[in-house]
């Protein structure tokens, strides 16, 4: 029963939070671009409008795949939310899965989007889907390297190790306390890598090549409309929260309530607010500022920058953390 | 290149096939400068040769080809200029030729000046001129399936459903 | 999606246009693709062909002035200058020197606004919307100056046959100078934002290359040709208006970087440097402009002009270096008719169209929008319809908007 109500709260909470952060992101980006920008509730209005609009399935699309992909994308990201520690809460599904599962679930929305794109039967969507796959192959390795390095180091540092990459334990034991100087540098590098993987995962400029408005007129989502597009928008909003919360859980799981020695409902409230502020900062840096300050890259440039420099940095971070684990115990 | 030199060179080369030559001096209203605009009237047979001769001075700039329906024949004017790139050195050179409606063939100059393609395709669709040796003779500004030539004043003009 | 098979290779054909987010006016491209690489392109213009030339052959030149101005919204004064010069050359109508200077000032102001507008569009095509918003905001200053001098943001109705219709007064000069100073200071920021930005350089260096030979043979004009090193600039080669009295030289990218690539980056260089050049030209023109007539005709003089047009015969070419390149008007009159028997307009994009093909060779899909934009095809203007302020929402009718714009023009005039 607790699981049921918990999932309902997280489902709606995640969606609402995602949309609020999207509104904040749009407003801030607009201000940085010397515009006024839409009101904060604009994303809610957009979703509301899309939900009452006609859902058009193109003639040469494969309807069941085309309609199923947005559901799959949203379901996958919401599921990740169940595994992440949010605020003072321990993960809802703690004990049912671990970081590796989260990694796989994170790949699912992109796959769903690509499949939906291939199934829409439009050349723009097909090219967008190809690009989505290329993107995924590009950022998966740095992402995996960062997460694995961290979990391994924590496993070595804690007496008795941690239970199979459990996010609950990673969140309960902030990594920074266990690191020597080498590991510290390594961890900083990994934070940087994750902050760059985040806009790629979220298809934001400079990595929005799969949607690329001026090139592909929306790419993978070009044929989507009405309810399907609303679901894709929701999945995108929730994914922003998911990626932010993941980075927080891995690197900055500190709880203000715990530090201040507050307990009970007061501590919970302080923790939740603190978490929201942290989340805002991560999204501000990884999404808003980067997308305001850069031009869109080409596919080849994205693939190169993720495979060569970013993977290099991630591997360097991994090696530093491994060395740290071996010699600075 | 002096305009008189250019004209003389053309006269020496083409003789009687150069039907008429006129040079206009366009004066600046500030009164400190003028430039020549040369008009050659030529036989359509020597167009290709004349353009090649013009290229021997400098690769010319072709602005466009203008054309009109004179009744029995069509008139085409090729608006070139040479001497660009030099301060106050540019002079306009125009070739005018007449094409009888019975035989609308003109030799294409695309082999000499690839950039003439747009202008020639426009004349095909608007006037119905046939350019021999043009690499692409389809319509450009008008729909591919368009019937009739808008600038023609005879029965080859636009009519029927194409006129609103 | 059509598949084209050519010697066992499979190409995909993808259409861009006639309507597409990266196009600001209807133009159809059909690309043969091999993966992300462009193999060939076919271009079909004409989706907006209005038969303006034929319309002009049914009106007298004074009526055609308004038609010529509306061929293009961005370079409207360019069309007017070229058209008026064609008529003046054909019939030998003199223009007072002061009017020639005023024409230069307006033409150069238009070049500034057109190039800044282009820079914003280019940034947008690259997915760099921040630069789009910033450049379009700074463009407002020059739009205000144009409105101050002519009464309109676009379609200034300033140039007429034999002169201009409005003078630049003593009170207006300091405001123009102030705007020029504003752009001088700003130019450093623009150059920094465009030419020293790593992502822009990544996206535009060696993209859309037009070689010197291709630019020459395919009749490229304007910044497109100059970025490839072809020094075609009518203001220098065959000076007209007041340009013979002003110092002007063709802008090529080697003024900024040692070698010429002929790519999109070079086109950005040329356009930004031309903004600087235009500022200098306006300053020179303001300094050298003589006092005197501006050639504005009263109603009676207008009738006389029309009689002259009717009596004389002749043909004339009017060329103008528009922001996008050579604009060419040719007109021919017969005696006893004020209606021209031939009017031919050639806009810069007409000449630059052929250059697209070599520029697209080997390009990626991601390069398509910026290559399309790099020759700067014309774009429609901004509109002002709904104003939202402090939660209030007002919908403005056309009459209210007109009254509002008159009010603003009066405010600008002080």
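Structural remarks
Letters A, B and C name the chains as they come in the text, with residue numbers starting at 1 for each one.
Throughout what follows, a contact is a pair of C-beta atoms (placed from the backbone, for glycine too) under 8 Å apart; a residue touches a chain by one contact, two chains touch by 3 or more.
Small disclaimer: the values here were computed from a predicted structure and weren't measured.
Identification of common neighbours of chain B and chain C yields an empty set. Among the other chains, the CA centroid farthest from that of chain A is the one of B. Chain centroids computed from C-alpha atoms place C closest to the centre of all protein C-alpha atoms shown. Separating the CA-averaged centres of chain B and chain C is a span of 25 Å. Mean C-alpha position of chain A lies 45 Å from that of chain C. Computed from the mean C-alpha positions, the centre of chain A lies at a distance of 63 Å from the centre of chain B.
Touching chain A in their complex are the following residues of chain C: 1, 12-15, 20-22, 36, 123-131, 133-134, 137, 197, 199-200, 202-203, 364-369, 388.
Residues of chain A touching chain C in their complex: 32-36, 122-124, 126-127, 130, 205-206, 208-209, 212-217, 292-301.
Listing the residues of chain C that touch chain B in their complex gives 44-46, 49, 51, 54, 89, 94-97, 100, 216-221, 230-234, 236-240, 242, 244-245, 249-250, 317, 319, 326, 328, 330, 341-342, 344, 346, 350-351, 353-354. Across the interface of their complex, chain C is touched by residues 24, 26, 28-30, 32-33, 35, 37, 59, 61-64, 66, 68, 77, 79, 81, 83-92, 94, 113-118, 139-143, 150-151 of chain B.
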